[in-house]
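Before anything else, here's the structure in question.
Every chain is named by a letter (A, B, C and D) in the order it is written, and numbering of its residues begins at 1.
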Amino acid sequence: MTLNVALLGAGRIGKVHAKAIEATAGAQLFGVADAMVEAADALAKAYGAKVLSIDEIEASSEVNAVIICTPTDTHSDLIERFARAGKAIFCEKPVDLSVDRVRDCLKVVEETNGVLMLGFNRRFDPHFQAVRAEIDAGRIGDVEMVQIVSRDPGAPPPSYIQSSGGIFRDMTIHDFDMARFLLGEEVETVQASASALVNPEIGKLGDFDSASIILTTASGKHCSISNSRRATYGYDQRIEVLGAKGAVSAENQRAVSIEIATADGYLRPPLHDFFMTRYTEAYAAEIAAFVAAVESGTAPSPNGQDGLKALLLAEAALKSIEEKRVVAVSEI
Amino acid sequence: MTLNVALLGAGRIGKVHAKAIEATAGAQLFGVADAMVEAADALAKAYGAKVLSIDEIEASSEVNAVIICTPTDTHSDLIERFARAGKAIFCEKPVDLSVDRVRDCLKVVEETNGVLMLGFNRRFDPHFQAVRAEIDAGRIGDVEMVQIVSRDPGAPPPSYIQSSGGIFRDMTIHDFDMARFLLGEEVETVQASASALVNPEIGKLGDFDSASIILTTASGKHCSISNSRRATYGYDQRIEVLGAKGAVSAENQRAVSIEIATADGYLRPPLHDFFMTRYTEAYAAEIAAFVAAVESGTAPSPNGQDGLKALLLAEAALKSIEEKRVVAVSEI
Amino acid sequence: MTLNVALLGAGRIGKVHAKAIEATAGAQLFGVADAMVEAADALAKAYGAKVLSIDEIEASSEVNAVIICTPTDTHSDLIERFARAGKAIFCEKPVDLSVDRVRDCLKVVEETNGVLMLGFNRRFDPHFQAVRAEIDAGRIGDVEMVQIVSRDPGAPPPSYIQSSGGIFRDMTIHDFDMARFLLGEEVETVQASASALVNPEIGKLGDFDSASIILTTASGKHCSISNSRRATYGYDQRIEVLGAKGAVSAENQRAVSIEIATADGYLRPPLHDFFMTRYTEAYAAEIAAFVAAVESGTAPSPNGQDGLKALLLAEAALKSIEEKRVVAVSEI
Amino acid sequence: MTLNVALLGAGRIGKVHAKAIEATAGAQLFGVADAMVEAADALAKAYGAKVLSIDEIEASSEVNAVIICTPTDTHSDLIERFARAGKAIFCEKPVDLSVDRVRDCLKVVEETNGVLMLGFNRRFDPHFQAVRAEIDAGRIGDVEMVQIVSRDPGAPPPSYIQSSGGIFRDMTIHDFDMARFLLGEEVETVQASASALVNPEIGKLGDFDSASIILTTASGKHCSISNSRRATYGYDQRIEVLGAKGAVSAENQRAVSIEIATADGYLRPPLHDFFMTRYTEAYAAEIAAFVAAVESGTAPSPNGQDGLKALLLAEAALKSIEEKRVVAVSEI
């Protein structure tokens, strides 16, 4: 059987997922929907798929699964709708920026026995997967402390800030999920500091561009997250896990690994400058994992609950900054 | 216009090229020929292509280009045949193991104004390309000395040795081409030492598994090549170019870049253990370059002369070992 | 003129300083005092110095400077005594474990116009100095975020914990000083989490062996510190500074920089396993800096105020853990 | 007992050895001789030694050992003289530039049961020692191929070339010794290519500044040496040994190990720019080894035969270039 996948949203990330579907054995891009018809049309043509409306996708008995890449504020409605329609759902993070809305939406998914996978793509990065595999293999013993450095090449325009939900819900959300992926234990408390060092305009809008966060678990494990919206040397994404027997880390990635030695010293090129080139393999692997889960009838991971839990950490971080104290996740 | 490409040979490397054709905009896999019909059939089916005989490919007015991945001893005949048929040709190296046969074949290509690209895939490795680009940009000044370390993860079975033409024509041939690519000047002399340290059976068959080679050019530039058929830590492929103003090098590649720190020390995973995973991007890029050359009507590179010149260096290395002296390439 | 230096305390660190004095042009080890006469005798003999009592050192008109390496609880008394005696003082950190006692002691130093340098040796590590120099040279622009990873090879015995003042006053104190050295701006707030993951005995004694700390400054700069008493792979000491134009970091140090490649991967040796081998050069350089300051009549750095400020950060970290909130340094 | 060492030659390298003697327990600098009295005087004063003539050193019953750092053309005469005088001898390489003279000199050493150690300092570099130790520990199995890259930061003035004996006797001599140290088997054949790419003046004087050399042993092991007189990025000294089970390598050394990341990429500082800073530890360790050998009455290593053998390889390399052929060491 071939899984017929419909794509909702033919934008930047939609194109990445369309390519991933086509590259996945056992799945094909069946239809594409987008408010901008030209975008849907171009993508459909490139892969021999149909241009469909959302209604048509919902009604089609041929469509087995949907990939939701539409704007954030449409996610939860679409999830509910397609859960009720019995389609397997892959949705870009977040489910919603509101915790209450996410909870309601996940209730619908649960009631409908819906299949929902959330697009925390970094879990599928081969390097981060290898780190997780070493932990699982017992190579570093019990996990004690996790360090995550996550820095964007440059800050988004202030206009984006407002719709994004702010740095914690938009950017750090990935790191919160990565922390949970690596700690192997739920986070109990959050404390954070943040400031606008890169662009004061971001600060005026009530958001931050530089943040330091500490997470702790019930057994006393820690995770430190360091975020900045500006790393001139590229897309800086490092993880390191200290355990009782050792540590394991994943280095940064660059397009080419050459080195130039001159009188100035030894120079290696900057890192990838864009999350799409940095996480090319991860995007392909997460779609392959979604297809495999749907085809085998197993529950996909990460799921809606993972999305909710990461969002709770973002809310806790915000509360911690506001109240200048350690915040228990259970307070949110 | 879409370039219709026919594939001759549906084996291991044929599959790689089939995938590359499909991934290249402006080209499609039109037909597949293979003495083993099942192999041709499977590959054709996977990409919606036809199973064709070599005669059919030759006769087809729809086929614009062929990719030759058949056994080595068929290469030169096929090149001549398709050059006469007016098809653009991409052929896996080598044209032939005999210098005379190569020369005759290239004469036919010349007389027919044939378009022939030879599969020295490493020139298209992004890391080696970046090294070349730095040289071209003048970053290290005039090239003076090139170092190539090229080691296979393990020695092939002695049975393969006999049909391969020996280490220089089979393995070092890639390094000879890389030397030419990096030196930017023709090689004038060759000297070499070689022995069978990995497997004495290889030595009994008159071949070697460990070799050191020095190439020099008219202006006094040097290139050192170090070959071994066995590197337990993986597929070891390093280049380094020293120039008047500095040096540029390309590091080895591994599947994942993690590091595990324990009481034993800091451990990074072994290298890629197979040339196909090591040179995945290079294989795709060389086919894209072939397609681009054919479509734009420009001469593809590397071409048949590059294949001949690398083979001459292999012959000179063998003569150098036999006669224990520096051999001028012009002697061959 | 040669600076005659008397050493108070002929233990482990006393020996290191004795050697450093002898290696510093313009200074010599004049006398050694230690409650254990054999220790003083051995060290004095090795460098041609005299065994003296503390009273004799105080009274000697020949002694220009003292180096205090006695137990922590004697530091502040000795500093006051030798400040009054007009000797230049180098004292191992800390001045005292009590903030009040430190303040009183520094008042005496101030009233006597005493010359006091404090042994925050890491500021003199050539790698960390090079990091500071790059910042000063404007290479990374304005400093925004500092990351300090500081992990001991193994936890001290619980018996030591009690006299040490705990992890923050004993171990993190170095990182607090390093944070101040790198931030270039005073720390305003501290927040921390800590637990006993390495050895529960340490937890029972009310101390911690694993800690994560965030410091912030008035202008919104951050510093993250990650501490553990156990890193199986050696003495892990890394710093990284992110600025508006880039980042600068200092890597870990090992005794030999070799790499072994086998089928298991690429292995580099563990790090230095002891602070004395890791910071050999720093110990020598700090004594040289002390001698240079005394001889030139300039104020040595780091001084007693630096010692106090680092201690205040330790106190604030403890208070933050106790009260689960962000603590302003001004509260201490 | 304390070994009384007399130093012959108070120049650049003499000062290094003087410091090393003083730092070696069980040895002291007893006397210094130099044709330039001021130089001898300054060095003697710095370490509390006597200024002596060579005759006085020879006659002194108090002097146990001599260190010869005088100009090359005086080495063999001084070795013979002090071997006859019964002093243990440490001599800077080479014994002489003439193979015949070296042979005669070593005959005298043998007849007098002289103790002679030769200053191939690199054997005592901790990184290279660690490589040797890994080989000895069986970590890489049987040695098969050695790669040595050895490049100076800059070419010496042509005036120096003439007295140096040329690149092979002056610079590569260290690499020849290192090859023997690592191969663990005598070299049987040498082949080389060389040119003057850095400075044509060097070529006009009949010498070279860029060289590639292949050494082979009876069992078929290879060693490649790559030399250049100019590496703009510093003093480039790398070794790598491939064995049946893996490989071990020693990386280059720099004064500080920091990295600066900016939009231009990741920059590490250049290497050491001078052999004395690069090999500081090696110089100290070789003198300590000499002192230890003399005190324990064991034969020091490397000795005069090692000096001769490295020189034979230099002669063979020159002959190989002249005659454009592989040269057996037994021909020299």
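Methods note: contacts are C-beta pairs under 8 Å (C-beta built on N, C-alpha and C of every residue); 3 or more make two chains touch, one makes a residue touch a chain.
Since the model is a prediction, treat every value here as computed from it, not as a measurement.
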Comparison of B-D and A-B (more C-beta pairs in contact): B-D
Taking each chain's C-alpha mean as its centre, the one farthest from chain C: B
Geometric centre distance via CA averages, chain D-chain A, whole Å: 58
Centre-to-centre distance between chain D and chain B (centres being mean Cα positions), rounded to whole Å: 42
Overlap residues in chain D, where contacts from two or more other chains coincide: 231-233, 245-247, 261-263, 269
Category of the chain touch graph - line, ring, star, complete, other: complete
Contact footprint of chain A on chain D as seen in their complex: 231-233, 261-270
Interfacial residue positions of chain D with respect to chain B in the complex: 142, 144-145, 147, 149, 151, 189, 191-193, 195-198, 210-212, 214, 216, 219-224, 226, 228, 230-233, 242, 244-247, 324-326
For the chain D and chain C complex, residues of the former touching the latter: 126-127, 129-131, 134, 139-140, 245-251, 253, 255-263, 269
